[in-house]
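Below, each structure is written out as C-alpha cells.
Across the two complexes that follow, chain A remains constant while its partner is chain B and subsequently chain C.
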Partner chain A sequence: MEKKIKLKIADMKKHYKNGDGVDGINIDVHEGEFVTMLGPSGCGKSTILRTLGGFLSVDSGDILIDGVSVKSLPPEKRPTAMVFQSYNLWPHMTVYENLAFGLEIKKIPKNDIKAEVERGLALVNMSGFEKKYPGQLSGGQQQRVAIARALLLKPSVLLLDEPFSALDAKIRSQMREELKKIQEELNITVVFVTHDQEEAMALSHRIVVMNKGVIEQIGTPEEIYDRPASQFVASFIGEMNFLIQNDGSAMAVRPEDIVITKGEVEGQICGRVRTAMVLGHYVEINVEVGNQVMKAYVTRAIAEEIKPRDVVSLLFTKTCKYCA
Partner chain B sequence: MKLLSPRAFYYILGKKGFFQYLLFAGFLIFFYLPLMNLCMLAFADKYEVPAIIPQEFGFKWWGFVLEQRSLVSSISVSFFLAIIVTFVSLAVCIPAAYALARYEFFGKRIFLLSFLLSNAYPRMGLYISIGILFYKLGLMGTLAGVVIIHFLNSMMFMTWIPSGAFRSVYRQQEESARDAGAGPIRTFFKVTLPLATPGIAVASVFTFLSSLEEAQGTLLVGFPQIKTMPVELYGVIMEYPLTAGPVLSLILIIPTVLVLFFMRKYINADSLSGGYGVK
Partner chain C sequence: MMKEKVFGKIFPYLLILPSLVILAGVVFYPIAASLLRSFELEEGGLGLDNYLYFFTDKIQRDNIIYTLQVVMITVLLAVGVSYFLALYLRFSNTWTSRLIGRLYLLPRFIPGLVAVNGMITVIRDSGLINRISRLFGLEIKLGLMYNSKGIILMNLWFNIPFATMLLAAALSKIQNSSIEAARDSGAGKLQILRTMILPLTYRDIFITATFVFMSNLGSFTTPYLMGGNNPQMLGISLYSQFNNGHYERAAALSVIMFLLSLLSAVVYVYTNMKKSEWEKGNG
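Right, the complex of A and B next:
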C-alpha cells in the first residue's frame, strides 16, 4: 500500500547571488517517514531545509505540504517546526515560557498550555525543568527542550538542521536514539539534515545524498550503502576502496567485502600487507596492491595469521563499478 | 622595609606590571585629585587663593545654592529634559539601529559614517548654523529646540551601540520565534528587543548623562527660556564666589554616579566594543 505523500518538493531551484545553491530538487516525503539529507558542508542540504521552513524563498519550483503549496507563506504560517543546530532557545525566558510561546500565540487556554508543556517535557525526559533558564541547561538538555518546543507546535513536518552536531559524541548517540524513539511513537514526518553519515544511516528511512547543489541518490540506508549510485556516494558513505582499472573506470569494494587469504591464489589479486590494526572486535588490514592501498576488515581470528609484509590474495565478494 | 624599595617592587610586579601600576597610579592622581579638590572646596565656607586648604569648612554654600530658586528649578528642568531626550532618542534610533544590524541596503556604510559628521565639526560652529535655522523655524528658546540639540549629540552612540546589541542576537533565535508562529513584530518585541536590552540600556544611560551635562548647545538655543543645570553652572561660576561652583558640580555628579552604579552590570568594555564593531 502506497503511503500518503506529506511533503513534496517539486523541481525546486534556489540560487544565491554568489552562484551557490540547489537545482532540480525533487523529493517526496511520505507520512511518518524519516528522511535525512546528507552531504558535505556547502552541498545545499541546509538550503533546502531553510526553504521548507520558509526562511529562504525559492527561485522556481514548488513546495507542497499536505498537498497545499506553502512556497509563498512566511515561516509563521507554515505547518512546519524547525530545530536549529544551536541557539534555539530564548535565553530570557524560562523553559516553560519557551515552550508556551507558540501555544500562547495560538490562543490555547492557560490550563491546556500547562498540560501540553508538561507532556512535551516528559516526551524528551526533561520533566521538572520548567522553571530553569536555558543558560542553566547543558547543550544536550537545551536541544531536548528545543525538540519538545517544536513538537508542541504539532507540525505537519518536523525539520531538524544538524540538531546534534554541537554535542559531544556520547550525548549525540543517546539523543539520536531518543529522537528515533519519539519519531516512531508519534509517527511524525521528519526531514533531518546532517553531514554525519553514521547519524543518517542510524536514523533514516530514506537518505537523500547531496553534492554541490544536486541530489546524487535517494534511497534507503541499505540501498545507499550496498548500491551507491555514483562514485561520490560510494566514497562519501562508509569506507570504500577504489581500484582503478586499466580502462580508467573504478572498481569499488567495501572493506568488509574483501576476503584475505595468505599466499598467492590463482585468479585473485595479490598484494603485500602494509599494516594490521586492531580496532576492537575487528582488525583493519591495509594491503598494497601495485601502487594502491586496499583496506579490509577481517575478524580477529583471521588477522592472527596475517603479519605485515606477508603476501596475501584478495577476493572481492561484492563490487560496484564506476565509469571514469 | 624591603617591600617598599622601588627595585623590589619592580621585580615583584614584573616589567609589564610595574609600568601598568605606574600608569594606573598616574591616572588616579590625574583623575581624583581635581575631584578631591572639588569636594574640599564644596565644603569650604571661606576660601581664598593661593591657600590650598580652605580657611573654614561648613555647609554655607550648600545652603546658598539650594536657596536659589533658579538653581533648584534648573535641576528639575535638566532631569525632565534628559528623560525626554532619552525617550525621543530611543524612539528614533532603535529602529535605525535594527535596520543597520539586520538589513543590507545601499549606502549603509555612508549612513553609519554620517553619524560621525556631527562630531567632526567644531560644535559651536554647528550650533550657530543650527541656531540660524531654528530662528526661521521658531524653535529658539523652546523645549523642542533643546531636545533636538541634545538628540543630535546622542544620535551616534544611540544608534551604534544598540546596533551592535541587535547584531549579537542570533538569527536562529529570531527564526525560532517566527517558526513558532510569531509574526515579525511580535518576534521583535518578544525576542529581539529583550535580548538586546543590555546594549540599549547602556546607550540610554549615556544619552541620559550626556543630556544632563550638555551646556553649549542649550545655552545657545535654549537660553534664557530653558535653563539647565550646566547652563546655570556657567552663571554661578561667573557671578558667585569660587566655592559655589564646586557645590553645583557635586550636585551634577550625583546622578551620574548613581546611574552608573545601578547600571554597572551592563556597562563594560564588551557592550561598548560590540557597539562600535571593534571586537
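Right, the complex of A and C next:
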C-alpha cells in the first residue's frame, strides 16, 4: 500500500544574495516518516528546513503540506513546529508557561491546557519540572521541553534543526533514542537536520544527503551506506577507502569489506602494514599500498597475527566505482 | 619580617591614596560644605529656611514643578521614541535601517552649544523654517522658543541617540530563535512584543529612563539659551541664586536637586538589584 504523502517539496529554489542557496529540491515525505537532511555545514540543509517552517521565502517551486501549498504562509499560519539548535525556550517563562504559550494563543480552555502540558512533559520524561525556568535546566532537559512544546502544537510536520548538536556525546545518544521512541509512538512526520552522519543513520527512515545546495542522494540508511550514489556520498557517510585507478576513476571500499591475509597472494593487492590500532572489539589496520593508505577493520583474533611493517594482501569483498 | 608584613598590608591603601585625596578634595569636601552651607541662614544661625523658601515661594515652587514636568515629558518621549527606533534597528534588515543604525549616534558628536544654536536658527520665529515658508507666501511661526516646547525638542535631540544606544544593546540580547519559536507557536507581532520583547527588556527601559531623568534634571545649556524667564528650569534658577549672592539658597537648591536625582538613582539601583526569578539560574 502506498503511503500518503504528507510533505511535498517540488522543484524548490532559494538563493541568497551572496549566491549561496539550494536548487532543484524535490523531496516527498510520507506520513509517519522520519526524514533527515544530512550534509556538511553550508550545504543548504538548514535553508530547506527554514523554508519549510516559513522563516525563509522560496524563490521558485512549491511546498505542500497535506496537499495544500504553504509557500506564502507566515510561520504562525503553518501547520509546522520547529525545534531550534539552542536558545530555544523563552528564558522569562517557566516550563509550564513555555508549553502553554502556543495553546493559549489557540484559545484552548485552561483546564485542557493543564492536562495537555502534563501529557507533554510526561512524554519527554520531564514531569514535575513545571515551575522551573529554562536557566535552571541542563541543555538536554531544555531540549526535551522544547520538543514537548513543539509536539503540543500538534504539527503536521515536526521540524528539528540540529537539536542535539550543542549537547555532549552521551546525552546526545540518549536523546536520539528517546526522539526515535516518541516519533514511533506518535507516528508523526519528522524532518530532521544534522551534519552528524551517525545521528542520521540511527534515526531516519530515509536520508537526504546534500552537498553545495543540491541533493546528492535520497535513500534509506542501508541504501546510502551500501550503494552511495556519488563519490561525495561515499566519502561523507561512514569510512571509505578510495583507490585511484589508472584511468583516473576511484574504486571505493569500506574498511569492513577488506580481508587481510599475511604474505603475498596471487591476484590480490599487496601492501605493507603501517599501524594497527585496537578500537575496542575490533582493530583498525592501516596498510600502505603504493603511495596510498587503505584502512581495514578486522577482528582482534586476526589482528594478533599482523604486526607493523608486515607484508599483507588485501581482498575487497565489495566495491563501488566512481568516474573521475 | 614584621616590617614586611605591615608594608604588605598598607601597600594597597597607598595605591588608592592619591585618588582618594583628590576625591576628598574636589567631591566630598564641596558636598559636605554645601550641605552645611544650605542650613546656614543669611541673617546668621542655622535652620531650614533656605529649603522652605524653595517650597513656599510661588516662583520657586513653580520652577521645581516646571522642571519635573519638562524632565518627565522628555523621559517619556525620549524612551518611547528610542524604543521604537531600537526595535526598528534590531528587527528590520533593510538598507534604510542599516543606514540609520550607522547615523543615529551622530548628534552625540556635535557639541551641545553648537547643536542648541543650530536648532535655534532653524526653529525660531524668524528662523530657517519661517524664511522658507515666506517664499511660499506663508508665515509659519513655530512658537517653540522661550517655553518648554523648545527645551523638550532639544532634549530629545540629545537623549534619543543615547537612549537608543542603550535599548538597542538590550534588544540585541534577545535571540532570533526566541522570536522565531514564538511565531512558530502562532504568535503575531503584537503578541510577540507584549509577551516576549517587553518582558525581556523592561529593566533596560527603566534603567534608560533613570539615566535620561538624571542627565536632564540639572541641564543648563539648553534652558539657558532656549528657555523663558518664568518659570525656569532648576539649573537656571540655581545659577541666578548663585549670581545674586544667595550662596546658602544655592546650596539648598543643590541639595534639593541632588535628592531628586537620588530618587531616580534609587529606581536605578532597585531595578538593577532586583533580579527576576528567571535570571537567577541554578543554585
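To be clear about the criterion, the second predicted complex is superposed on the first by the 324 of 324 C-alpha atoms of A that agree within 3 Å, B and C clash if a C-alpha of one lies under 4 Å from a C-alpha of the other, contacts with A are read in each partner's own complex, and residues count from 1 in each chain.
By definition in this document, contacts are C-beta pairs under 8 Å (C-beta built on N, C-alpha and C of every residue); 3 or more make two chains touch, one makes a residue touch a chain.
Every value quoted in this text rests on a predicted model; they were computed, and no experiment measured them.
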Exercise for review: Report clash or fit for the pair chain B and chain C bound to chain A in the combined superposed model.
Suggested key: clash
Review point. Of the two partner chains, chain B (first) and chain C (second), which one does A:76 touch, if any: first, second, both, or neither?
Key: both
Check your understanding: Which chain makes contact with more of the residues of chain A, chain B or else chain C?
Key -> C
Review point. Regarding the shared-chain residue A:249, is it in contact with chain B (first), chain C (second), both, or neither?
Key: neither
Exercise for review: Classify the contacts of A:135 with the two partner chains as first (chain B alone), second (chain C alone), both, or neither.
Suggested key: second
Practice item. Would you check which partner chain A:268 touches, where first means chain B only, second means chain C only, and both and neither mean what they say? Key: neither
Review point. For A:101, is the partner it touches chain B (first), chain C (second), both, or none of the two (neither)?
Key: both
Review point. Of the partners chain B and chain C, which touch A:230 in the superposed model: first, second, both, neither?
Key: neither
Review point. Which holds for A:84: it touches chain B only (first), chain C only (second), both, or neither?
Key: both
**Study point:** Overlap of chain C and chain B interfaces on chain A (superposed complexes)
**Key:** 53-55, 74-76, 80-82, 84-92, 101-102, 105-106, 146, 149-150, 153
Review point. Can you list the residues on chain C that touch chain A in the complex?
Key: 175, 177-178, 180-188, 191, 195-196, 199-200, 276-282
**Study point:** Residue ranges of chain B in contact with chain A within the complex
**Key:** 170, 172-173, 175-183, 186, 190-191, 194-195
Revision key, fill the gap. Per the touch rule, the chain A residues reaching chain B in their complex are 53-55, 74-76, 80-82, 84-92, 101-102, 105-106, 146, 149-150, 153
Revision key, fill the gap. In the complex, the residues of chain A that touch chain C are 53-55, 74-77, 80-82, 84-94, 101-102, 105-106, 133-136, 146, 149-150, 153
